[in-house]
Amino acid sequence: SAPLALIAGPCQLETRQHAFDMAGALKELTGKLGIGLVYKTSYDKANRTSLSGKRGAGLEAALPIFDDIRKEFGLPVLTDVHTEEQCAIVAPHVDILQIPAFLSRQTDLLIAAANTGKVVNVKKGQFLAPWDVKNVVAKIVASGNSNVLVTERGASFGYNTLVSDMRALPIMAELGAPVIFDATHSVQQPGGQGGSSGGERRFVETLARAAVAVGVAGVFIETHEDPDNAPSDGPNMVPLKDLPRLLEKLMAFDRIAKG
Amino acid sequence: SAPLALIAGPCQLETRQHAFDMAGALKELTGKLGIGLVYKTSYDKANRTSLSGKRGAGLEAALPIFDDIRKEFGLPVLTDVHTEEQCAIVAPHVDILQIPAFLSRQTDLLIAAANTGKVVNVKKGQFLAPWDVKNVVAKIVASGNSNVLVTERGASFGYNTLVSDMRALPIMAELGAPVIFDATHSVQQPGGQGGSSGGERRFVETLARAAVAVGVAGVFIETHEDPDNAPSDGPNMVPLKDLPRLLEKLMAFDRIAKG
Amino acid sequence: SAPLALIAGPCQLETRQHAFDMAGALKELTGKLGIGLVYKTSYDKANRTSLSGKRGAGLEAALPIFDDIRKEFGLPVLTDVHTEEQCAIVAPHVDILQIPAFLSRQTDLLIAAANTGKVVNVKKGQFLAPWDVKNVVAKIVASGNSNVLVTERGASFGYNTLVSDMRALPIMAELGAPVIFDATHSVQQPGGQGGSSGGERRFVETLARAAVAVGVAGVFIETHEDPDNAPSDGPNMVPLKDLPRLLEKLMAFDRIAKG
Amino acid sequence: SAPLALIAGPCQLETRQHAFDMAGALKELTGKLGIGLVYKTSYDKANRTSLSGKRGAGLEAALPIFDDIRKEFGLPVLTDVHTEEQCAIVAPHVDILQIPAFLSRQTDLLIAAANTGKVVNVKKGQFLAPWDVKNVVAKIVASGNSNVLVTERGASFGYNTLVSDMRALPIMAELGAPVIFDATHSVQQPGGQGGSSGGERRFVETLARAAVAVGVAGVFIETHEDPDNAPSDGPNMVPLKDLPRLLEKLMAFDRIAKG
């Protein structure tokens, strides 16, 4: 069992400067703590609750920024893809292709991502039982790519609420793929603010501690220097300044969990 | 309140002959009963539980068959689309483009469907509250197309189970879009057979009666002459021979509901 | 299949005069409509959300009023019991003993109610699957009393929300016991107002129509001449003046359902 | 924050000898580990799924055994009560009165338990939101007893399944009452075996680790030397021999959680 890794970054790629600032800050703090980092960012938020939600910098603007983050900071980059076509276009510029939860049953997207040869991180749909992720992983592996990560990000629980079933972590681990716990989307309240999703940032630490104690390969945490003014997912992102203390705690739990 | 309409057909477009047989049989029986019919069929099942599930005849083979069904039987045709590109390609050959439930939050797909000018039928995601469909409809209407149908097909209820909340029907009706109740997918047990979805056909009538009594513009019922040997959704499709009695009952409830 | 029956009355027994007024009004209106009536009232609300919620007239004050309602109006009376001791005390004064949903797994209470020989109406717990009611009914029948009614009143669906699964009605009907649909408690929002339960009266008709179309032996509807000023369950009770139109609609659906 | 405490024992009081064996073994192992122990046992299982389920030794037989366990081993004893009358009878013989989850809204039972002056441990109903426990605690405190524990034991999640929402722990902690996590009932599958409840013992450790990492005052673990042959709750009890390793792990997490 390798030590806990971190997938972190802002929800959206806002500007080149913002991406560099975030990547630099995250690289510095994870270097001090001794925790592995994957830099996460999205060039497009393709399923915003409403049309007026900001969608990000766009594919063309993002690719050279991805390249530069990898070159400048030596960080692996993860981003999400939404169509088959995007997979081949995005793949050369990143290390991990992420399949959004709503799209986790779209066969063609899974195959296209698999065919790039890159690591594929599938977020488990809010509508999927943990044992049903077996079929999702099988679609990727059968396409010749066994570099799969699976991410828990909450299950539908009544309306506008997600619940994190910690039993899902060992169930998914049995598939052989490293399991990631997405601590910031798991506290979302989908559609909970009418025209956008709400969230309860105060429970990010609660759920992250629980998941790490159960045992996961990594945690996924969206972070921002000023979440309340971020263009998306503000209610659930963790302020950058709170990250060091949180990570130290999680790393301590991880040592016990894997000890 | 117009009388109840029917959207019906087999889950998949299997062959031209099968499509013609089904369309002919459905046209005859709905003509006798005096209920409006939209012929439903899918050229591709893009989110089968596992890779080994049959996916249908494919886009290219399907389009001329759609044309012929419209010409031969004078029936409006509904089919589902999965990517932006498909919308413009498919639109000239059908009357209604259907957005699958898992994709009901994908902004670009909604806009592309809206831009065809065809009627768009959005299936409500299993992860969506009924009041959140407002945002989905707004994405389509804001794109200049107000010909929207919204379809209830069950909400996630624990694992591998859907529940049909009848309150969703009047809540969605307040949006002004005609509301359809999908009686066959609502009895699905997602992933419930391990490598494919299960279903409980015996509850199709239960839920359809309930929905029609509450008041809906139409019911969506997948049907097949031999469901147990159909290539998909067998456990929840209604045998064609059982349809006349079921529809007569629903039409009687509809008259009371709208009386 | 006997025609639809009605179990109705105010949530609480408030005063003798109020009980007489309600019983008289309900007898008159159900007589005109030709629907059978059981008068429902509670002498004690034993599980109010908070201590400050009013609990009703109390056992001793209620029993002679129950007697008088039966004598004066010739109406069968239903009330709920909360302890074994109450069963034998209350039974001579009523026709139906009702087991509250939270107590539907309490073996001794079920047996004590069964032993009175009166009809026992068990409300299905919000935490029970419909097929698990089999065990509840078996506890009563094994005690020598086969006069059992089972009532659907919603299942837990996330927090502070109930959902009415219409499939529960045919599943419970297979037990052989008449199935009642409680249309007013099914729209409750448990604890939804902080110190008391909320509810959405506007959905009473929605759910009652659905249940009657599916097919039930009776509907349970709490009613009050002024729900907004009633001591409990105001948000979900139906105003007395709205009852005739609602019942006429339900009776029309019932004729189709059982036709 | 005091260190983690343990509430443990077999589901049922089987015989005096069995109780002594279990209490002795638990005292020895918790003494070695340095974790505080409350001995848990039930004289009556009042809500077995079916009539044929064994209910325990009964009240009269149990009280002298409770006395002797307290005297012989110096252990505090916890047991559950089901009626108002039992509270005063049982209280002199135990240290903690436990309110079963199904009964957590029964006002008279809560008051009767409060009036004994003993510590009252309320299990949160499977149908309650964590914030609604505020009203439950208030009923006890308003009765003059502020020695209240609140226990999480899972929330209804679809049919025959519970889910443990780890957010419930900090929400309930805000009430000021120590929060206990019941790790063995949380893995129950209510009614999941038809005539009795199922359970998944393998997730006891998963959920206990998660809860302790989040931060709780204590864990509740039912244990037995031979769970598969125990008269109740076998599928979810932890074998006694596995307890030392589990507790050591939990204590290590607890030190980090409270460090």
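For clarity, chains are labelled A, B, C and D in written order, and residue numbers in each chain start from 1.
To be clear about the criterion, contacts are C-beta pairs under 8 Å (C-beta built on N, C-alpha and C of every residue); 3 or more make two chains touch, one makes a residue touch a chain.
Please read all numbers here as calculations on a predicted model, not as lab measurements.
The interface formed by A-B recurs in C-D: of the pairs listed in A-D, C-D or B-C, only this one shares over half of its residue-numbered contact pairs with it. A centroid comparison over C-alpha atoms places B as the chain most distant from chain D.
Taking the mean of the C-alpha atoms as each chain's centre, chain B and chain C sit 37 Å apart.
Chain D has its Cα centroid 48 Å from the Cα centroid of chain B. With centres set at the average Cα position, the gap from chain C to chain D is 33 Å. Under the contact definition stated at the top, the residues of chain D that touch 2 or more other chains are 155, 157, 159, 163.
For chain A in complex with chain D, the touching residues are 155, 157, 163-167, 169-170, 187, 200, 202-203, 206-207, 209-215, 249, 252-253, 256-257, 259. On chain A, the positions that touch chain B within their shared complex are 46-51, 55, 82-84, 102-103, 105-108, 125-132, 135, 138-139, 142, 155-156, 159-160, 190-191, 195. Those residues of chain A lying in contact with chain C across their complex are 157-159, 161.
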